[in-house]
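In what comes next, subunit A is part of two complexes: it sits with subunit B in the first one and with subunit C in the second one.
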Partner chain A sequence: MPNEQQAKIKIWQRRDRGHQLTIWACQFIGVAIFVYCWQLVSDNTIWMFVTDAPHQANDMFERMLPPKWEYMDVLWRPIWDTVIIATLGTLMAVVFAFPIAFLAARNTTPSTAFVRPFALFIIVSSRSINSLLWALMLVTILGPGVFAGVLAIGFRSIGFCAKLLYEAIEEIDETQVEAVTATGAKGSQVLNYGIVPQILPAFAGISVFRWDINIRESAILGLVGAGGIGLQLSSSIDTVSWTQVSLILLVILVTVILSEWVSAKIRHSII
Partner chain B sequence: MFAACLPTRIITNHCFFASLTMLSLDKLTKQYKTGDLALNDIYLEIPDGQVMALIGPSGAGKSTLIRCVNRLVEPTSGSICLNETELSSLSQGELRRARRRMGMIFQEYALVERLSVMENVLSGRLGYVSFWRSYFRNFPQTDVDEAYRLLARVGLDHMADKRADELSGGQRQRVGICRALIQNPELLLVDEPTASLDPKTSRQIMRLICELCKERKLSAIINIHDVFLAQMFAERIVGLQLGEIVYDGPPDGLTPDVLTTIYGEEDWESTIEKVKEEDFEEKRKDSTSLASGK
Partner chain C sequence: MSAIRIWKRPPFIKRAWLRWSLTIGGSLFLLVAIGTMDVNWQRVAAGVPRAERFISSFFPPDFASKSSDIWEGIFESLWMTVVSTVIGILLSIPIGLGAARNLAPRPIYLFFRGVLAVSRTFPEIIIALFAVKLFGFGPFAGIIALSIGSIGFYGKLLAEDIEDMDPVQAEAVKSTGSSWLQWLNYSVQPQVTPRMIGLAMYRFDINFRESAVLGIVGAGGIGATLLTTFDRYEFSSSASILLIIIGIVMAVEYSSGYIRKWVQ
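Presenting the complex of A and B:
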């Protein structure tokens, strides 16, 4: 018991002894696992290469400098493609995620037994596959190009957006919904007046956040041939043109910073 | 005489009598899935134009009772008869049409926070307009006129385009009142209208509700846990305790003994004294009431 009677003074302890011992045991096991893993990693590392790493990094860095600025002329188009892939992909995801979220949310789903598990399955399967893997599959099916990239980004984002949105739907204030229902409104009107206004800020925030993530993801989709700046990145690495690689990395960095700035602005103005 | 409201007549959706009774509940019972018996065999009749206060301790079933009337809560058994319509057996579509005839005012206002005052008021007309008209906020001009008239009546016409979450508590509750009244209801269901308001605003809101009921000859059930306010404003008091009616009579019949049956042992003498004093004060101040206009 947390408090025991001892000479008429009530002793208070946060946890009783058994509970405290369990916590110590768990911490000990955690440390043991960490030490074991460290050992394993260490055994499988060729330490000669690691000690050589600073030299190698320095060498690569030197070969990357200066960035080949005139290569920029070739890059404008792929950057544009990258942004387009992210934007259209997000748009597609949002359009599908919106209804799926309503089917998945406990308080708006038409049937907890049949429809909800189906919606949750869509969400989980979309989320469990990385966009690079989606792209790999879609390039095989559709052939290389921007379209495969858009679909890959879209498929990956549906689950993300729908999951966050259905959680927002489950957290709405039910009395506002009750009040609209009590006026004799139809189901569709209750949705429009009672529920949508409450989740709109969350919806906008989620969409912009995902768009921001998608800019980064679409930058590498080209590695598997799904369009965008990743295509140039992979060919530059293949041809060991390190000065081009450094320029591309720089361009991706700037694009991501810009997208972050834009999404922060948008989120700020909505919420 | 209530046999008429029971199963044989339910099929026709009409109650046997009604001319003078706005609402009648018969053998109304609600048992929640948890097993709690919130309402036990309630029999209650509300004449046309009567403002009735429903008092009782927390958990007595006050909210459940008024939510059973418009079936936000499904009653387990019994009959609810609103001006000739048997409500307990209506289909979804019929229920929506019946709900248009009952305005509801909520505790904590229950306004849609991110919609404007005007949108909130007009949402009271949702039962009358099609989805697309309501989606494009294209309500009939008569509804918009009525909304402005009601907002002016409660002193908020200059607030129409403000967002609901910018208003103070008293203002929000007045918007809630407008939303209920624009339905052009026959009956008002009022659930703890003053629970989150200060004493002065509480009185203003209660006075406003009662004045509007008189103006429009509405019947009302007002759930309220504040005995002063109930006595000050209602024509009739019904005391509910553990899902059963334990008092039904005029406000001045609330003796210490009665209050003890409703709420349990407490020193009620001083409460009653205070109500008499305040009642007198209120009458003097009535002329300066905030709810002016019209």
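Presenting the complex of A and C:
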């Protein structure tokens, strides 16, 4: 126990002196970095707009009410598109993530030196780029529309699904694999009967979880022209039709809550 | 009945009617989905040469020609990330404490859970869209959006971690006659800190990735530079920006893993 002699009475302290000084130093550096960054923020901000914001917010809120319910007729199609983008995108991601995960897992990869780094690179680059950036690229290349959205969601989700899946593969119970190997099974049979049944629940859970995230993501892809309800959102904001904006926000809220509920239900029944 | 019975592995979904209805319903949905998705194949075909040009511009990427713009944008993204992560986490500590069922009284608990649910529902980019309307173009709007997103994420996880803590230690500290703050500081905080530092690093990582897209709606960061390069078809510059983003995300991820190990 780190104690310290203070006026002849020993007082208990949580840490010894060196440890405490290190922590203080780290905190000091952290605060210094934050203050410096805040300085940059302050230089780049027009504070007049910020102080005016509460007034603006109040104004905007008043103009949003009540939501323009009859605009709903126009919205059904974008909602459907949003769901399609999320679902097909997830499906595409799952199809590609499955083999990549096996190539990336330490215990199933054919070669740790060549194949595994390559698979990991695919996973990292797919995960680092936001789906909106994927959409931006694909819209430039393929033109606006739902197709670009599906591909964007798919590319972004490959890394996510493959990462979680390969971690699941690395955590499997080796004794089962050994048992299947002991029956004289071929490599593909070991994969099919020893490994796949163990990761199937995780696989289903991951897919549903990603689908839930993708519903949220596909709702905003329209901001760069890749289909879905975001297209209506950005055009309504551009034309300052605030009553439409509030309706769209409500619709997104309901869709997100519904998809979260569905995904929680399914994952609950799997686990 | 044949003489030999061959073993078949049990299906993943055990109830037959559920299995069949899911399969049929799923394939029907897929057919309808693909049918209603109108793809302009001519436009897609026209994109192929452009895609080739885009991919070839990665070899080698052009870091030089717009380097001052690029680095300025990356730097802006980085300090936006720092400020918004710090503000988000500082604000989410009281909210997380309030949203933990074993610390807060019922009404306070419900109120803070509501706050967390609201701040988690909308993606950062939609919050940024409104922040830009309210605070004007620039990084401040982005910081507001990222901070709100961080509060929802971090507050929820903090509250859940506090709910999962070991009550025995908390009781032991309480029985020494400590005040509420002392109790929090010596029994709750040491139990949640290691995991929370890891999550703070993780949130930093997320915020950086998000700050790279906020520029699309005018909320500062590297996204604006990236959007310009795409609009002008300067693919070699966009390739270099994307590579820098990937590099920084990887660096943050590795260092966060290292820091997490060091803390625990």
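By definition in this document, the second predicted complex is superposed on the first by the 246 of 271 C-alpha atoms of A that agree within 3 Å, B and C clash if a C-alpha of one lies under 4 Å from a C-alpha of the other, contacts with A are read in each partner's own complex, and residues count from 1 in each chain.
Operating definition for what follows: a contact is a pair of C-beta atoms (placed from the backbone, for glycine too) under 8 Å apart; a residue touches a chain by one contact, two chains touch by 3 or more.
Only a predicted model underlies this, so the values are computations on that prediction, with no experimental measurement involved.
In the superposition on chain A, A:K186 contacts subunit B only, with no contact to subunit C. Legend: residue contacts after superposition of the two complexes on their common chain; A:I11 is shown touching neither subunit B nor subunit C. In the superposed model, C is the one of subunit B and subunit C that contacts more residues of subunit A. Using the contact criterion defined above for the overlaid structures, shared-chain residue A:R216 touches subunit C, although it does not reach subunit B.
Look at A:P197: by the touch rule set out above, it reaches both subunit B and subunit C.
In the superposition on chain A, contact is made by A:I252 with subunit C only, not with subunit B. When the two structures are aligned on the shared chain, A:E178 is found in touch with subunit B, with no touch to subunit C. Comparing the two complexes, residues 193, 197, 200 of subunit A contact subunit B in one case and subunit C in the other. Interface residues of subunit A, counted against subunit B in their complex, comprise 173, 175-176, 178-186, 188-189, 192-194, 197-198, 200-201.
Residues of subunit B touching subunit A in their complex: 70, 72, 96-100, 102, 104, 106, 108, 110-115, 119, 123-128, 131, 134-135, 176, 179, 183, 189. Touching subunit C in their complex are the following residues of subunit A: 14, 33-34, 36-38, 40-41, 44-46, 49-50, 53, 56-57, 60, 80-81, 84, 87-88, 91, 124-125, 127-130, 132-133, 136-137, 140-143, 145-147, 150, 193, 197, 200, 204, 216-217, 219-220, 223-224, 233-234, 237, 249, 252-253, 256-257. Within the complex formed with subunit A, the subunit C residues making contact are 9, 12, 29-30, 33-34, 36-40, 43-44, 46-47, 50-51, 54, 76, 79-80, 82-83, 86, 121-123, 125-126, 129-130, 133-136, 138-140, 143, 186, 209-210, 212-213, 216-217, 220, 223, 226-227, 230, 233, 238, 242, 245-246, 249-250, 253.
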